[in-house]
Amino acid sequence: MPLFTGVVPPVVTPLNADYSIDFPSFTRTLENLLDGGVHGLFVLGSTSEVVFHDEAERKAIIEHAVKVNNGRVPIFVGVIDPTTDRVINHSKIAKAAGADAIVVTAPFYARTSQPEIIDHFRYIKDAIDIPIIAYDIPVCVHIKLERKTTVTLAREGIVAGLKDSSGDDGNLRYVLRDMAGDANFFGMTGSEIMVDTALAMGAHGVVPGIANVDPHGYVKMWNLMQAGKHAEARVEQERLLKLFEIVWIALGRTSAGSAGVGSFKTAMRSLGIITTNRMARPQRDLNAEETAKVDAILRDVGLLG
Amino acid sequence: MPLFTGVVPPVVTPLNADYSIDFPSFTRTLENLLDGGVHGLFVLGSTSEVVFHDEAERKAIIEHAVKVNNGRVPIFVGVIDPTTDRVINHSKIAKAAGADAIVVTAPFYARTSQPEIIDHFRYIKDAIDIPIIAYDIPVCVHIKLERKTTVTLAREGIVAGLKDSSGDDGNLRYVLRDMAGDANFFGMTGSEIMVDTALAMGAHGVVPGIANVDPHGYVKMWNLMQAGKHAEARVEQERLLKLFEIVWIALGRTSAGSAGVGSFKTAMRSLGIITTNRMARPQRDLNAEETAKVDAILRDVGLLG
Amino acid sequence: MPLFTGVVPPVVTPLNADYSIDFPSFTRTLENLLDGGVHGLFVLGSTSEVVFHDEAERKAIIEHAVKVNNGRVPIFVGVIDPTTDRVINHSKIAKAAGADAIVVTAPFYARTSQPEIIDHFRYIKDAIDIPIIAYDIPVCVHIKLERKTTVTLAREGIVAGLKDSSGDDGNLRYVLRDMAGDANFFGMTGSEIMVDTALAMGAHGVVPGIANVDPHGYVKMWNLMQAGKHAEARVEQERLLKLFEIVWIALGRTSAGSAGVGSFKTAMRSLGIITTNRMARPQRDLNAEETAKVDAILRDVGLLG
Amino acid sequence: MPLFTGVVPPVVTPLNADYSIDFPSFTRTLENLLDGGVHGLFVLGSTSEVVFHDEAERKAIIEHAVKVNNGRVPIFVGVIDPTTDRVINHSKIAKAAGADAIVVTAPFYARTSQPEIIDHFRYIKDAIDIPIIAYDIPVCVHIKLERKTTVTLAREGIVAGLKDSSGDDGNLRYVLRDMAGDANFFGMTGSEIMVDTALAMGAHGVVPGIANVDPHGYVKMWNLMQAGKHAEARVEQERLLKLFEIVWIALGRTSAGSAGVGSFKTAMRSLGIITTNRMARPQRDLNAEETAKVDAILRDVGLLG
C-alpha cells in the first residue's frame, strides 16, 4: 500500500476581520474535518490561501494544526513559493514543525522547462529528508507537470505521490498506470466533482477543498468506493456536485480565487464552524446576497436545517 | 515632466558558482550601466531573478546598489511576491534601504480580478509613502493590467508610472494618450526591440534588460530620439535587434527564463563585466557551445574585438 | 431512452496516394466497425479530416457510408464549416444523402459569443428538420460550448445530444445532471481513455476515434459497463490506454492532427483494413520508423500477431 | 521597390437586412475608399466577413470589386478556408475573377505544425501562378506564422509579402530586417493603431479595417510618413486612435467579431456610405444605443457634423 491514501482535505485558514488568523475557528475547522473521518490533513494548500501568508504565519499555522491533530492523522504541508531555495526554506520549517510530508509545485513567476522542474524537485529532495508530494496545479503556476516529469520523479524516488489539480484526469490515469507496479507511489485527485470516477480508475485518494464544508460526504464516498459500491458512491458524488455549485455564486463580481475559497468560508460560517468569511487581501468576501444563495444550496443538500 | 524618464535598465544580479551573490561583479555591473549613461537603475526586476532571492538577499542587493550608485541616478526597486501584504513588507525594506520608487506587479499564483488588482495597489499605497510604478508583465503573472486598471490607478494618484513588459504596445499607447494631460505620470516600455517606436509614440523611457550588455546603445538611441533623429535612432535600434538575438540561443535546451537572462550573463562574462554566468536554481546556465554563439553575435555588433 | 446510445465511432476517411478518397478501403473501414458491433457511425467528424473535404467529396462520403451501412445502424454526419449558413448548406446535403442526425460545432475563424453560438444552433434548427448533436471541440474551434449554452439548447429542443470532445468531464457531468430528467437528451464523450468513467457517471455513449483500429474493445467495454461490471470494464479500458499511445509517436516531427489520425490510418493499414496511411494535404503521413513503433504497440495489445 | 505598398484596406461587405449582399452599398464602399486615395483594395479579408460567404458569393464579391475598381488600384483577394485544396479552389476562382494577388492564412480547425504550414503555402504556389501574401492572424486561426516560417517562404519566393495582424510588431520587425535586402518582399501591418510606428520601422504598408470609415486619415498618415514628418503623422494616428475606440462599444453584449466589424458598418451607415449595419449570421448588429455612441465618436473626430 502507498504511504498515504483516502480523503485528505486542504484545510481552510479562517481569518479575523482584521485579516489575522482566527485560531479558535481554525481549531474548529480541524476538529470538524477529523470528526468527519478524514484520513489526513493538508495544511497550507491553495485552499488555505497559502501564498498570502508569510513565513511566521505559515509556521504558526503548521504548529497549530499539528497540536490540534495530536497525531490522529498524517499532516501534509504545502511549501509553496516561487523558487527552489525558498521552497527548501519553507520545507525545513515545515519538517521542524511536525509535517509528515511536504507538497511542492513547479516554480512560478519564473519561467522554467520540464527538465528544470525535475531538477527543482531533485534539489529539494537533496536538501531535506521528508516525503515529497508533487502538486500539479497549472491554474496557479501556469505550467503542467507532464506525465513524463512526474513519472521520472516517482521512479527516481524523488516524489512519493502526486496531488493532481490539473483537471486532466486522462493524464493522471496514465501516471497511475505507469506507476502501477510501485507500491510506494500514490496519486490523488484534487477534484471535488470527479472523485468516484478518479477512485474507480485507481486514484489512491482525494484532496477536496469543499470537504471543509462537508467532510462526511467525501468520507462516505471513499468508503462506498472501497466497498465496490459504485452506484451508491455516484449518488453521494451527485449530492456533492450540487453543493459544489456554491463556488460559482460570486464569480463575475469577483475572481475565481475569491469566489471559490470564499464560498467555502461563507458556508463554514453558516454552519457555525468559523466566525467570519474574511478573505486575505486583496481578495473579496462574499456579500449578504451571495451568502443567502450559499445557504440555499446548503439547505438543498441537507447541511443546513 | 514626469518623475522619471530615460533609460532605466533592470539590473542583472551576478552569482558565484555556489549561487551566492557575487558583489564585486554586481559592483562592476552597476558601474558599467552608470558609465553607459543610464538615467536610472531598476534593481530586483525580473531580469535580476528577483523571485529567486529571499528577504535577506533582496535587502543586501538594494543596499549594495544604493551604496555603489551613491545618489547618481534614481533607483527603482522591484517588490515582487505573490500577494499584497508580502509586497508591503518588501516595500518597507526597500524604502528603508534607499529606494526612490517601488515597482509592483499584480498578484500571482492567487487568481484575482481587475478590481482586486486595483485594491492591491491601493492597499500598498496606504501602507507606504513612496512612488509606485505598476509593472505589467503577463508572461510572469499571467494576468494583464488592463488599460482601465492602469488609468484608474494613475488618475487616483496611486501609481506614478507604468513599466509595460506586456508586448501590447497598442494598449500602452492608449494609456499614454489617456494620461497625456497629466505631467505626473510616466509610461516606460520593457521592450528591447521596439524602443525607438515606443519613444516616438510618447513613452517616457525604456527598461531594457539587455542594456546590461550594451548600455551605450540604449542611451544613444534615447538621445537620438530626444533630438528628433528618428532615422538614426532606427539604425541603432536595428543594431540592438541583432544583439537581442542572443536570448534565443539556448531556447529549446532550456526555458525562456534561463535562455534570456542567461544570455545576458553569458555576454557580460565575455565582456569582462561579471565572473560567472551562473543562473539561480533550478535554471540552467548557457554552455560552452551556446557561449560561442553569444560571442559571435557580440563580435557582429561590435561589442567584442 | 435517448435517441442514440452506445459506441458511435467517428469514421476515418482513407485516401489513395494521390489524395483522392479510397472507396474500397472506406468500405472495409465501415464493415470493420459494423463487424465490431458498433451502435452507430459518425461520418465527417474531425477524425475523418472533414475540413479537408469539399462539398462534392463530403456528399460522396456520406452516400457511400449510407449505402454500405444499408440501415444497419444510425449514421451521424458532421456538417463542419466556419459559419451558420454554410453549415445549413452542408446539413441539407447530409439530410438528402441519408443522415440520421447532424453534428454541429460552434462557428470558427469568426469570433462569436455564447449567445451568438446559441443563435447559430437555432438558425440551423429553423432551416432543417433533423436531430442536431452539439459538438464541443475547443481544441479545433477554440471556444467552449459552456454548460449553460448546451443546456439552454437542450431544454429548447434545439439539440438532441452532445458530443463532448473538450476533455472537461466535470462540465459534461453537470450537463448530464442538468438534463437528467429529460429522456430525449443524450451526452456522449469523445474521449478514448476516460470511457468507463464517463459511462459510470451517466454518459450515454462514446465516440472514440481509435475504435477504427479496435472497435471490439470499445463495444466490449460498453457491454461490460451496461452489465455493471466496472472492474472488468476498467481492465479493457487499460488495454485501450496502451493502444492509444500510438497517437503520440509522431508528435514533435509533425502536428497533433497528423500524429493522431495518422496513427489510426497507419495502424489500420498494418491490420489490412486500408491500403495507405495517406493524410490530406498539408498534413504528414507517419513514416516507416513510426510505423514500426505503431506495430509494436498493436502487437502489445494483441491486435497484430 | 516591392510589388505593393501603401494603404490597402480590407473592404467591408455590406449586407441587406435579409443577409444578402447589398451591391449598391458595396459600390459606394469601394468608391469611398478609392476617393480617399487608397493604394490597393483587399477584398474577402476578415473584415469582409469572408468565412460567412460561400463560393458563389465570394465570386460575386470579387467580380463586383474588380468591375468598380476598373484597374485603378491593385486588388488583393482573401482565399480563406480551413485547408490547402479548398484554398487552391478559391484561389483559382479569385485569379479568374481578376485578383492581382491572393492572401492566404495558415490552415485552421485542422491542427498543423510550422513545417506543414510551409508545405501548405508551397502546394498553393505550385497550383496557381499569382502573387501570394501570407496572412498572419492568430486571433482567428489560432497559430502564429513564426518568423522562420515567413522568412523561409519569402526566401523561396513562395510568398511576395506578409500581412501581419498578429499584434506582434517585434516579430514583424525581425521579418522586415531578415528580408531587408530583398526588393521583392513587402510586409504590411494589419494594425489600425500602430501604423506610424510600423511604417517608421520599415513596414511597406498598412491594411486598416477602419479605413472603411476614414480612408483619408490613413492615406494622410502614409503620405506624412513618406515625407518623414513623423510628428505630424503621430497627430493623425492619435486622431485615428480616438476613432478606433468604436470597436469596443458593443463588446460584452456581443463578441469581438460583431463589435469590431459591426462598429465599422454602423459608422459607415451613419456616414451615408452603406444602407444597413447588418452583420452575417449568427453575429449581432449594433443597436440604437450603441449607434449613438459610435456617432458621438464620429463627431469627436470630425467625421460627422
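Every chain is named by a letter (A, B, C and D) in the order it is written, and numbering of its residues begins at 1.
Basically, contacts are C-beta pairs under 8 Å (C-beta built on N, C-alpha and C of every residue); 3 or more make two chains touch, one makes a residue touch a chain.
Not measured: the values here are computed from a predicted model.
Both subunit B and subunit D are touched by no common chain.
Chains making contact with subunit C as well as with subunit D: none in this assembly. Between subunit A and subunit B, the superposing rotation on Cα atoms measures out at 180°, rounded to the nearest 5. In terms of the distance between Cα centroids, subunit D is separated most widely from A. Remark: subunit A and subunit C have CA centroids separated by 36 Å (rounded to whole angstrom).
Centre-to-centre separation between subunit B and subunit C, using Cα means, comes to 49 Å.
Taken as a graph of touching chains, this assembly forms a single closed ring in which every chain touches exactly two others. Taken pair by pair, the chains that touch are A-B, A-C, B-D, C-D. For subunit B in complex with subunit D, the residues that touch the partner chain are 167-170, 173-174, 177, 191, 193-194, 196-198, 200-202, 228, 230-231, 234, 237-238, 241.
Those residues of subunit B that touch subunit A in the shared complex are 19, 46, 49, 51-52, 54, 80-86, 89, 107-113, 115-117, 119-120, 123, 139-142, 254-258, 280-284.
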